[in-house]
Structure formats: structure tokens, C-alpha cells
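Some structures are shown below for you to check.
First chain A sits with chain B, and in the next complex the same chain sits with chain C.
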Partner chain A sequence: MILIGERINGMFKDIREAILNRDPEPIRYWAKRQFERCAAFLDINTGPTVDAKDQPAVMEWLVKIAQETVDLPCCLDSTNPEAIEAGLAVHKGKALINSTTADQWKMDIYLPMAAKYGAAVIGLAMNEKGVPKSAADRAALAMEIVVNADANGIPMEDLYIDPLVLPCNVGQEHGPEVLEALRQIKMLADPPPKTTMGLSNVSQRCADRHLLNRTFLVMSMAAGLDSAIVDLDDDALLDAVAAANILLNKDIYCDSFTKTFRQR
Partner chain B sequence: MILIGERINGMFKDIREAILNRDPEPIRYWAKRQFERCAAFLDINTGPTVDAKDQPAVMEWLVKIAQETVDLPCCLDSTNPEAIEAGLAVHKGKALINSTTADQWKMDIYLPMAAKYGAAVIGLAMNEKGVPKSAADRAALAMEIVVNADANGIPMEDLYIDPLVLPCNVGQEHGPEVLEALRQIKMLADPPPKTTMGLSNVSQRCADRHLLNRTFLVMSMAAGLDSAIVDLDDDALLDAVAAANILLNKDIYCDSFTKTFRQR
Partner chain C sequence: MAVTIAKEKWTSQVSELVIGTEPNVVKVGGEAALPFLHFEGRIPHRPVVALEVWDMEPEGWPAVLTSAFEGVLNDPVAWAKKCEEYGADLICLSLLSSHPDNKNSSPAECAATAKAVAEAVNRPLIVVGSGVEAKDAEVIEAVGEALSGKNCLLGCAKPENYKTITATCLVHGHSIIASSPLDINLAKQLNILIMEMNLAADRIAIDPLVGALGYGLEYAYSIMERARIGALTGDKMLAMPVICFVGQEVWKTKEAKSTAEEAPEWGDQVRRAILWETLTATSFAQAGGAIMVMRHPESMKQFRAHIAKMMEPNVY
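For the complex of A and B:
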């Protein structure tokens, strides 16, 4: 399971203030903390309060601080292509672009950019009409991204399709559709694309958020989820992933399987 | 989710002693306790220490005590057909026979018995050769049970197929096969048979049993599990089921969804 740490995001107060004051310490703290808690990538998002014109410089600064602190690739998370490219230009190793949609004009920006920088890329199963209701419509949009990625020479192992989960208190009917979409996406190509999701979205403004998050995560893993953007500070979530890895026969059982998982 | 309480089983020391002393109190305690914790059925098993010749009388006694205490049907759990029939003879409401295998001689005993008493029946996806390794071989045995149940006039809603999960420390490769088998079993007939499993078996002699149990349970629910024989004293398990019901869109979200689930 490829875990992407969600915490370096300007929507969190400490990161927002760190960006405002150009204070690297909170960035370093969360880079190190998430590295120690199984992160394979660090999501980097300037957050909603940074002006569009400043986003490239802030993204560059965040990526540099994070990669000076720990030896991890970043998941460059922005709706601003200039910010993504500024991050790619200074990034060491294989970055993950977060994200393109299935809109042709966006794929025409981000997929050549991924190819140019040798980056992986997240493709959201949505377009300008919004998020589809059914699994089949999500898979259809995923297929458009698969075809365009292939045309840009991006190998399927570098494409992460996100079927897009909605908060279960407002879009409850989407839950089973997302699980079915995960299964269908794995049949779109051989080898198949990877899959990912922004997990915390499933529990936005819900009670018992941690319970909902880890429950949906392990159900999604059983349906073929390879990766997720998650709250790595959630102990019970890491234990649930460790257990799911054992039960899905992806890690070899040992009595200390939860501890072993965290030490990896 | 149809939860079957596992606790009235002679393999537990207090129940074994209650049977030896014909003391109804522990039986009453666990009948009431499991009733209060979401049980839809009470599993009733005389346990391995009762002589075969005494099993019918013990089963009859246990069923009577349980049903005098709470208004719940029983899941009559024995490898002894005479014990099952003794339970059926005194049972009020629709009992659940636990279980037949896919061996023809066993189906020829239990399926007519289920039809005679109007009982539901659990069919294990195994035969005299043991438990199959693959999902497809499990589904093939399930299909034999489906056909035989249908020939005996048992409606699919009264047939519970158990794909048989093994302890993940010794049969780890069975985990994903069981999940796939659950999906395949739901395609064997229209309407499909129900599915069930003896959940605690997945974690026999493992560390972190509760974690493994609830993780496998919610993954199985996402794959189509309708029912399970479980430890209803496990709070985290009940919360996980409540969360999975929300996320699979089987219960309507409310902020008190865990509490609401338990009060049902």
C-alpha cells in the first residue's frame, strides 16, 4: 500500500502560517513525522489562501524544504499548472502530479508535463460535468485518462486513477460505486493503472471520522486500491492497513505484524 | 448485516460447565447479552466434550433455555444430524441449520431436514477432499449446494453459503480467495443465495485477533457478505459493522450511527 501523507497542506493552520512567515520548521516537522509513519510520498499543497501568482514560488519552497528534510518524493497537489511545474523543476526523484481530470484540455497540460519530467500522475475520474454517479461512468472517464496517458508514453505503473469518493453524509450512494469502480479500473488495461484516493474526503463533516476513514480504506484495499492520501497520524488507520495487508496476502504474517508494518 | 452470536458454544468453559451441571444461568446470560448486542440468531453448539449420544438432549435443552430467555431464532451448530433434528423439533420460528457441506450424503440429510422444518441452512464450500484453495473451486462447490437446495424446495433467501475462511497465520493465501468467492457466489443464482462465515476462524492463534476479525469482516461485507458468526462482545467490531453499513449505503447516515446501530 502506497501511503501519501496529507499533512503538508495550507488548509491546515500550522502550514498556512508557516507559508505566510516562510518558517520552514512546521514543514520539516511534518516531513519527518510522516516519513517515520510509513509515507511513500508527501502531499504538498499550498492551500487556498496563497495567491495564484505566488503559488509557484511557494510550491518550490515547500518541495525544497521537504526534500532537504527527508528522502521522499512529493505528490504535487495544485489546480495551478504553473505551481505543479515549479515543483517538478526542483523535485528530486519521481514526483507524483496531483492531478488531472478527464477533461481533454487538462490532460493536454498535465500528461505531457508528466512525460517531460518523468513524473507519475493522478487522474481524477471526473470532468467539467462533475463526478459521475455510477461505477461504470467513473470507469469510462478513467479509460479516457488511460488512453491519453498511453498516448503520452506514460506507463500504467505511473498512472494513479482516483475514482473520487464523496463525503458519506451527503453522497452516501457513491460509496459502493467507488468500490465497484476500483474493481473495474483494474480491468481497463494490462498491466492495469494504479488506483488512489483522497481518503479523508469520505468523512468530511461526519461523526467518527477515523472509524469511517479506516473502514472505507480497508474495503477499498480489498477492491484493488493501491494507494491513498491519508492522515498518517492516525494510529488505528495504520494498524488497519497492516491487518488488511496480511489478510489480502500482501505481507507475510508474523505476530508483530502491526509493529513490523510501521518499521518499514 | 445478519449477526449470529457465537458465544453459546461448549468450547467456552462457562458453557461447558453449564452443560455438565445443567445450570441454565450462563445460557440465559449469553442469550440476553447477545440479544442486546445486535444478534439476529444465537449459535447453539454443545461443544466437543458432550458424548454423541447425549448431544440431542443437550441441544434440545440449550435451545429451550435460549428461546425461553429471548425472542431470537437459533443457529443449530453440530456435526451430529440427530442433535440438529432434536433442536429443530423444539425450536420456535425459523431456525438456521449449521451446517451441511457439499458432500452429497450430507446434503441428502440436511437439505430435506431444512425443508421439513422450514429452516434455513448454512452450506459450507467444502467436501470430503477438504477446503478448496481457489475462489472458483469454492464457487463450484457452492453451486452444487445451490442446485441441491433448489431441488429440495429451499428458497435462496434461506440458503447461507460459507466460503470458509482459514486462520491467516497458516492459510494466508485463502484470504483473497474467500473475498473473490463471496463475489462469485452472489452470481450463482438470481435471486442469489445469502453468504455467511465463521469470522473468528480467520484469526485463530493470531496476534491482534480483534483487529484481524473486524478488518476481514468489513472487507467481506464490501464483497457481498450478508451474515457472520461473530463475537458480539467486541465493541470495535460492532462499530466497524455500523461504519461499513453506512459506507455501503445500507443504513442512512446520521451523526450517531454507531449508537443507532446498536439500538436496533
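For the complex of A and C:
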């Protein structure tokens, strides 16, 4: 399971203030902490309060600090292509672009950018019409991304399709559709694209968020989820992933499985 | 028509284990691909052979085997020199005399023997006890001290005695053989326990307890295969080179021990017994075995002929 740490995001108060004051300490703290809690990527998001014109510089600053602190690739998370490219330009190793949708004009920006920088890319199974209701419509949009990625020479192992999960208190009917979409996405190509999701979205404004998150994560893993953007401070979630890795025969069992899962 | 070679992409590799001290070192492991698939990844070292030496005269060995060691079987130093003469990569000293049912030799006696053997040969040493966990802990502790700094491979550590043996390896600069009875989960757990005592991963060899051809070879084979795939896909707790005690298993089979008179339908015993040991070893090399502990010099020779062929690079 490829875990992407969600914490370096301007949505969080400490990161927002760090960006405002250009204080690298909170960035360093979360880079290190998420590294120690087995992140494979650090999600980097400037957050909504940074002006569009400042986003490239902030993205560059965040990526540099994160990668100076730990040896991890970043998941460059922005709706602003200039911010993403600014991050790519200073990034060491294989970055993950977060994200393109299935809209042709967006794919025409991000997929050549991924190819140019040798980056991986997340493709959201949605377009300007919004998030599809059914699994089949999600898979259809995923297929468009698969075809376009292939045309840009991006190997399937570098394409992460996100079937888009909605908060279960507003879009409860999407849950099973997302699970079915994961199964279908795995059949779109051989080798298949990878899959990912912004997990915490499933529990926005819900009670017992940790329980909902880890339950849906385990269900999704069984349906073909390879990766997720998660709260790595959630110990029960890490335990659940460790257990699912064993039960899905991805990791070889040993008595210390929850501990070995956390070791790098 | 052009053929596309399907290549597996691996993300990790087996750790490299170094045994002995310069200029007599043997290196094993380090593979970044499945055995002999050179086109998929680096395979830096060939599988090596350790010839077995006992610290007491063996009983019940067939003449096919004893004839190769005429006059030295009651003298571990002379026996070890003979193995060196035959060209063994390593010497594996089995301290079977320490078994309570044998001579019950003391740890000090075993240490003296190990030291004498180490001084007589220019080959890295593997030293194992008699398999009685509590006694092995005492014996290996003394042996480790006597061979301090010689970077030997000591064993066999099991859940009951790994603490003492690991501590000995840490203090005196040796590596350890971690033994588990055909159980991949236990193998992984034992490696974790040993590493939690701060012995580095590159100082562990896994002993999966192999069986001879016709006697459960396939069980060990599939465990080794699964562990290796785990290692290559990032499971660091199983990414150690594997040691296979082939000789002790093969030379107790009736196929190796029966004479041509006893089993005329099986043909010449010399050829048959040696083939049995060679085939058991080559099979385990195909499953990723790095160190073959064997008994007959001729089996070693035939095994090596096979390995030499398998180590020819096949780049596509």
C-alpha cells in the first residue's frame, strides 16, 4: 500500500501560518513525522489562502524544505498548473502530480508535463460535469485518462486513477460505486493503472471519522486500491492497513506484522 | 518474428553477506532478480559450496562417501585440510560431538577444535552445533569467542537460543544462521527478533531446513521461492541469503546409501549417490540458495559445473 501523507497542506492551520510567516519548522516537523510513519509520498498543497500568483513560489519553497528534511518524493497537489510545474522543477526523484481530471484541456496540460519531468500523475475520474454517479461512468472517464496517458508515453505504473470518494453523509450511494469502479479500473489495461483516493474525504463532517476512514480503506484495498492520501497520525488506520496487507497476501505474515509494516 | 522478452521489475534486493577475513572472504547474496535471470537484474555472486567436517568420526556413512576422506575422518583438522585441497569455498564444521548422546564434549573442547581448524585452513568457516538448543547456545558462545574477529558464520540459531548466539555474533564479529523448520512466518519473525538485538540484516543467513530430493525438497523450494519474491518486492525481513544443509539430508536417504547389490534396479551407487546430492543442491540454487553445505567433493564439482553454466550472462 502506497501511503501519501496528507498533512503538508495549507488547509491546516499550522501549515497555513508557516506559509504566511515563511517558517520552515512546521513543514520540517510534518515531513519527518510522516516519513517515520511510513509515508511513500508527501502531499504538498499550498492551500486556498495563497494567491494564485504566489502559489508557484510557495510550492517551490514547500517542496525544497520537505525534500531537504527527508528523502521522500512529493505529491504536488494544486489546481494551478504553474504551481505544479514550479514544484516539478525543483523536485528530486519521481514526483506525483495531483492531479488532472478527464477533461481534455487539463489532460493536455498535465500529461505532457508528467512526461517531460518523468513524473507520475493522478487522474481523477471526473470532468467539468462533475463526479459521476455510477461505477461505469467513473470507469469510462478513467479509460479516457488511460488512453491519453498512453498516448503521452506514460507507463501505467505511473498513472494513479482516483475514482473519487464523497463524504458518506452526503453521497452515501457513492460508496459501493467507488468500490466497483476500483475493480473495473483494474481491468482497463494490462498492466493496469494504479489507483488512489483522498481517503479522508469519505468522512468529512461525520462522526467517528477514523473508524469510517480505516473501514473504507480496507474495503477499497480488497477492491484494488494501491494507494491513498491519508492521515498517517492515525495509528488504528496503519494497523488496519498492515492487517489488510497480510489478509490480501501482499505481505508475508509474521507475529510482529503491525510493527514491521511501520519499518522503512 | 521478434520476441518480446517479458521482464519483471523488482524494487529491492537480497542483502550481501560476507564471510571470512581478507584475503580469504566469500561473498554471497546481493541478487536483484530471481535466480540466474541475469537479464532482469544484477546477480553479483554465484552460489558457493561449503564442505562438511565433523569433530567426531561419523558412523553409518556409506563407503562412497568415506572413501573420499580416507584417513582423515577422525581428525577434523586433517579433514578440513582435505576439503580445502578439494577446493571447497568454505569449511562447515559440525560440532556433533557436543550432543549429549554423542561425546557430550564441553564448550571449551569444541572451541579448541574450532580454533585448530580455523588456524589450519585458509577458508572462511561456518560452525554449527549439534542441534540441541541449550547446548548449542553454550558451545557457540565459546566458539564465537575463540574465533573472535574471524567473521565466521555461526549457528544454528532457533527461537530457543537465538539470544545467546546473536549476542556472541555481536560481540565477536560473526554472522548468524537463523533456522526455522519449513515455516516462512517463523523465519521472518526470527530475523526480526535477531535484528531487534541490533545484528545487521547483512549478517544473517536463513536456514529454511531443506529436505533431500524425494524427501520434501519441494516444501523448502516453495518457501525459498516465496521468501525471495518477498525480498525482491521490498520485504527486508526476508531479504537474506539462504543456506541449505544439503549433505546431511541427502546422505541419509536410501537412494544415496543403498549399494548396487541391495538395489540393483537403481544402478551404480557412486553415480546415483553423487547425482542425488548434486540434484538436490542445483534445485535449491534454482530457488535462490546461496550456500550449499555438501559432503562429497565430486557432487561439489558437478554442482559447480552446473552453476558455471547458469552464471553465464543472458542479456536481452
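In this text, the second predicted complex is superposed on the first by the 264 of 264 C-alpha atoms of A that agree within 3 Å, B and C clash if a C-alpha of one lies under 4 Å from a C-alpha of the other, contacts with A are read in each partner's own complex, and residues count from 1 in each chain.
One rule holds for everything that comes next: a contact is a pair of C-beta atoms (placed from the backbone, for glycine too) under 8 Å apart; a residue touches a chain by one contact, two chains touch by 3 or more.
Owing to the predicted nature of the structure, the values given are computational and were not obtained by experimental measurement.
Colleague: Compare chain B and chain C by how many residues of chain A each one touches, and report the one with more.
Modeller: B
Colleague: Touching A:263 in the superposition: chain B (first), chain C (second), both, neither?
Modeller: Second partner only, chain C.
Colleague: After lining up the shared chain so the two structures overlap, which partner does A:240 touch, if you call chain B first and chain C second: first, second, both or neither?
Modeller: Only chain B; A:240 stays clear of chain C.
Colleague: May I ask you to decide whether A:155 touches chain B, chain C, both, or neither, giving the answer as first, second, both or neither?
Modeller: Touch status of A:155: no partner.
Colleague: Touching A:48, do we find chain B (first), chain C (second), both, or neither?
Modeller: A:48: touches no partner chain.
Colleague: By the touch definition at the top of the document, which applies to A:215: first (chain B), second (chain C), both, or neither?
Modeller: After superposing on A, A:215 lies in contact with chain B but is clear of chain C.
Colleague: Once the structures are superposed on A, label A:179 by its partner contacts, choosing first (chain B), second (chain C), both or neither.
Modeller: first
Colleague: Check whether A:255 is in contact with chain B, with chain C, with both or with neither, and answer first, second, both or neither.
Modeller: both
Colleague: Looking at A:118 after the superposition, I want to know if it touches chain B, chain C, both of them or none. Which is it: first, second, both, neither?
Modeller: The answer is neither, since A:118 touches no partner chain.
Colleague: What is the shared patch of chain A, the residues that chain B and chain C both contact?
Modeller: Looking at chain A, the two contact sets intersect at 252-253, 255-256.
Colleague: In the complex, go through chain C and note every residue touching chain A.
Modeller: The touching residues are 9, 184-186, 188-189, 192, 226-227, 230, 235-238.
Colleague: In their complex, what parts of chain B are in touch with chain A?
Modeller: 168-169, 172-173, 175-176, 179, 202, 206-208, 211-212, 215-216, 218-219, 221-223, 239-240, 243-244, 246-249, 252-253, 255-258
Colleague: Residues of chain A touching chain C in their complex?
Modeller: Touching chain C: residues 157, 251-256, 259-260, 263 of chain A.
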